[in-house]
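Two complexes come next, and they have one chain in common, subunit A, joined by subunit B in the first and subunit C in the second.
And then the complex of A and B:
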């Protein structure tokens, strides 16, 4: 038994090793000029290889907006996002995403396998290789042999697994997730959280996940970035120090988890 | 057995109506309302002589080619316009102007301008049918789930593939609805177009018989158009069930 450890105030820089995703002085907003509604102000963050970073903040603070910036869907008003040293100017093959609403992100006219394989078709991957990779990814998310089903024949949790498989099959370096478990029931949510934790350990993918759920943010991440205020900025960073293994009961009973939880909730109440 | 019962439910009313018509018109003395038996008699005569078959072949060929052109143009333009905001802004007034012009009223003008032969008739059918297809396709494209668009962009799906595998299937329920609206319009315009500068087709058969006071033939021709229209609609429903099977089965009604 090791002595209870305490949480650390984290840094916006990586813990060590190479920087994979570099968010530098990013400001984002909607509209132009005088009519601009500024959502995010001067956000800085570096994420290392295989790191799991969660960004937590209240609803409406700009989490989805931030992910739209990181995924190249919406250019920042100021600042740059770069991945593996390359500044992105739009969607980038090193970046994949899982969206909140699984029922809207999968195409109902495609089977599960086709949904997962589809992005690869755009990259010119041949049919056989596409299907092989789709099958492999479906297996990784626990859906082997379900490729011929349509999304609407599946439960919400299974559909979100398909969306995760699609992102994995794309072989991107960074996986962005926007409140991926917000629309499923509690048990399914725990299963999906553990799935993502295990995928990170098994495949070494780098994950940036945004959520409004403080417990989820702490449970999953190596580093929790807390954003708040209008326009939003980083108000706190916490290193959890849990390593790569989690347990829904033990981890959540860990004093570090409780400390982080108290600290973040207090910080968000102030905002 | 089940299909038999269903067929029974569908068929009892038309059978009843035809029977009533048959007996009610049996002793008709009004020359404009000949007896149904007389109509069937001339219909059978002109079908077995090949006269009506040839007429139908000409008409249906024009209809089919016209519809194909309308579908190709309407769907392609609809995909482009639906996907491009700037195009929508520019073209919207024109689209709504042309779709509001009564198509049948334009038939004599178009045929007058283009002369005799199949081409102007095909063109009128295509022109009349293109609007519902175009408008529905645009609506369908606008209705494609924004998250699905974002997904396609994040995963860098190239434009052509995006149109073929995302926008087109996403808009397909509406595209098919547009085709369903276009079909009867096409049938009417096909017949109307053959009333002008024409010497063949079902429309000509109807016009010619009516002009020469062959009233049973006029009725027969109209009846023939009705039956053909009905068959086309049935065939279309089968086609619809096929291309939209995911849509019906997912219960996204």
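And then the complex of A and C:
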């Protein structure tokens, strides 16, 4: 490798090892034929095991549409998404998701524990086992002993932790996150970012995060994919090279962080 | 340990707050009794001054009539007949209305294709159907229950459709991502999400059920409180007729109040989450 203090232009392929998530020639859009509104054009991306990939782009570029495509909620117009070698045709057991609007994704009539255990109930996991797994996941996100509370008894940051715990309890291989920390205050946001960093290190989850926040994208990711233009395409790929440990002060003061930040912001200003 | 900590201070603040609440309850009760007293006094005055027809019973006469009613077995039998018909019709309306509503609400094509029919049914004066139903089923309890269902079904159905429509898109996405099976989705997501609307329909249906059950007894030969009112009227016992009327109203009100109370404890999450 070259000098450790400089950033690299990354690849859309994985560096080495197995491919877990394979996005191949994916185009997304709404409508058909003449009236088709193309949102995203020919995206190719491979994500490896335990890798953290951020997709960053300006607001309205189609990040949410892309994530809906990756999660199986919206089929791509062209191309395929496959996970562990299997092409997905809809929501898949290996894919979990955390959305921006936590208050709308948790069910207010269920306790925190019931919310976390609910997807497991759908998979036919017995009550004792699913409660155990829910408790375990709540502990991992720092909410042990809070299972009997209702979501509306919790702060926004805690609710988002519950949504993350629900994804973890599901034991999916890939965790998709759509602007997950956009509706919380700055301090809570830092706490949640570090929580995700730690979870990745401790559990080896593969994470794909979409965000419009350049700092967040760089801070969390191994690779940052920059998308822009209409319809959206990949305009840059950056490898951060931070490893698995992050620090809100040191990492953000790192010259590589500053380089990446400058490069992405300049590229996005052009778009 | 954390739970005992959070509970301890609330126990201290609860005592004075409760007495203040109690005081407000008493003054409210006094005001309501006052309003009732004024209405009764106006009634009595209207009868004595000849403003109302002379056959109208006075307040003491009606009070005596109430007593005569509650001490007779025929009254309780009639009450039982009316309430069981109303209850049967109400339960059928609720089950049918909730089931159909939650089926129609989430399916856009079904919702669109049935909306005119549902609006028509809701606006239709069901009482006009009675001659037909009477001809088909005779003056029987099953005719009465059929009529109650035809009247009380609509509010439950309309409210259930509205409730099912309002399922949050964020929750709908979550349910799809985690591949929640249809039946579990219905029971644990759609039903609780629609419940705040459904309970309103159920409550309206309860008062309509009693209204319809009594009304049909007044108009036909079906036994019950309504029939007792007609019989008392035919026998010129105006005091008894008014006493029965009072009971018909009282039961409608009691049922509605009980349901409102059950609803507010069942839906604590809804008040908290939206307020």
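Things worth noting here:
The working rule: the second predicted complex is superposed on the first by the 267 of 271 C-alpha atoms of A that agree within 3 Å, B and C clash if a C-alpha of one lies under 4 Å from a C-alpha of the other, contacts with A are read in each partner's own complex, and residues count from 1 in each chain.
Criterion: contacts are C-beta pairs under 8 Å (C-beta built on N, C-alpha and C of every residue); 3 or more make two chains touch, one makes a residue touch a chain.
Just so you know, these numbers come straight off a predicted model, no measurement behind them.
After superposition on subunit A, the partners subunit B and subunit C are seen to clash. Of the two partner chains, subunit C is the only one touched by A:145; subunit B is not. Judged by the touch definition given at the top, the superposed model places A:221 against neither subunit B nor subunit C. Residue contacts after overlaying the shared chain place A:109 against subunit B and subunit C alike.
Once both structures are placed on chain A, subunit A residues 71-73, 91, 93, 95-97, 99, 101, 104-105, 107-110, 118-119, 121-123, 150, 152, 166, 170 are touched by subunit B and, in the other complex, by subunit C. Listing the residues of subunit C that touch subunit A in their complex gives 2, 168-171, 173-174, 176-181, 184, 188-189, 192-193, 195, 269-270, 272-273. Only residues 145-148, 150-151, 153-158, 161-162, 165-166, 169-170, 172, 246-247, 249-252 of subunit B touch subunit A when the two sit together in their complex. Contact residues on subunit A toward subunit B in their complex (touch as defined above): 71-73, 91-93, 95-97, 99, 101, 104-105, 107-110, 118-119, 121-123, 150, 152, 166, 170. Every residue of subunit A that touches subunit C in the complex is listed here, in rising order: 71-73, 91, 93, 95-97, 99, 101, 104-105, 107-110, 118-119, 121-123, 145, 150-153, 166, 170.
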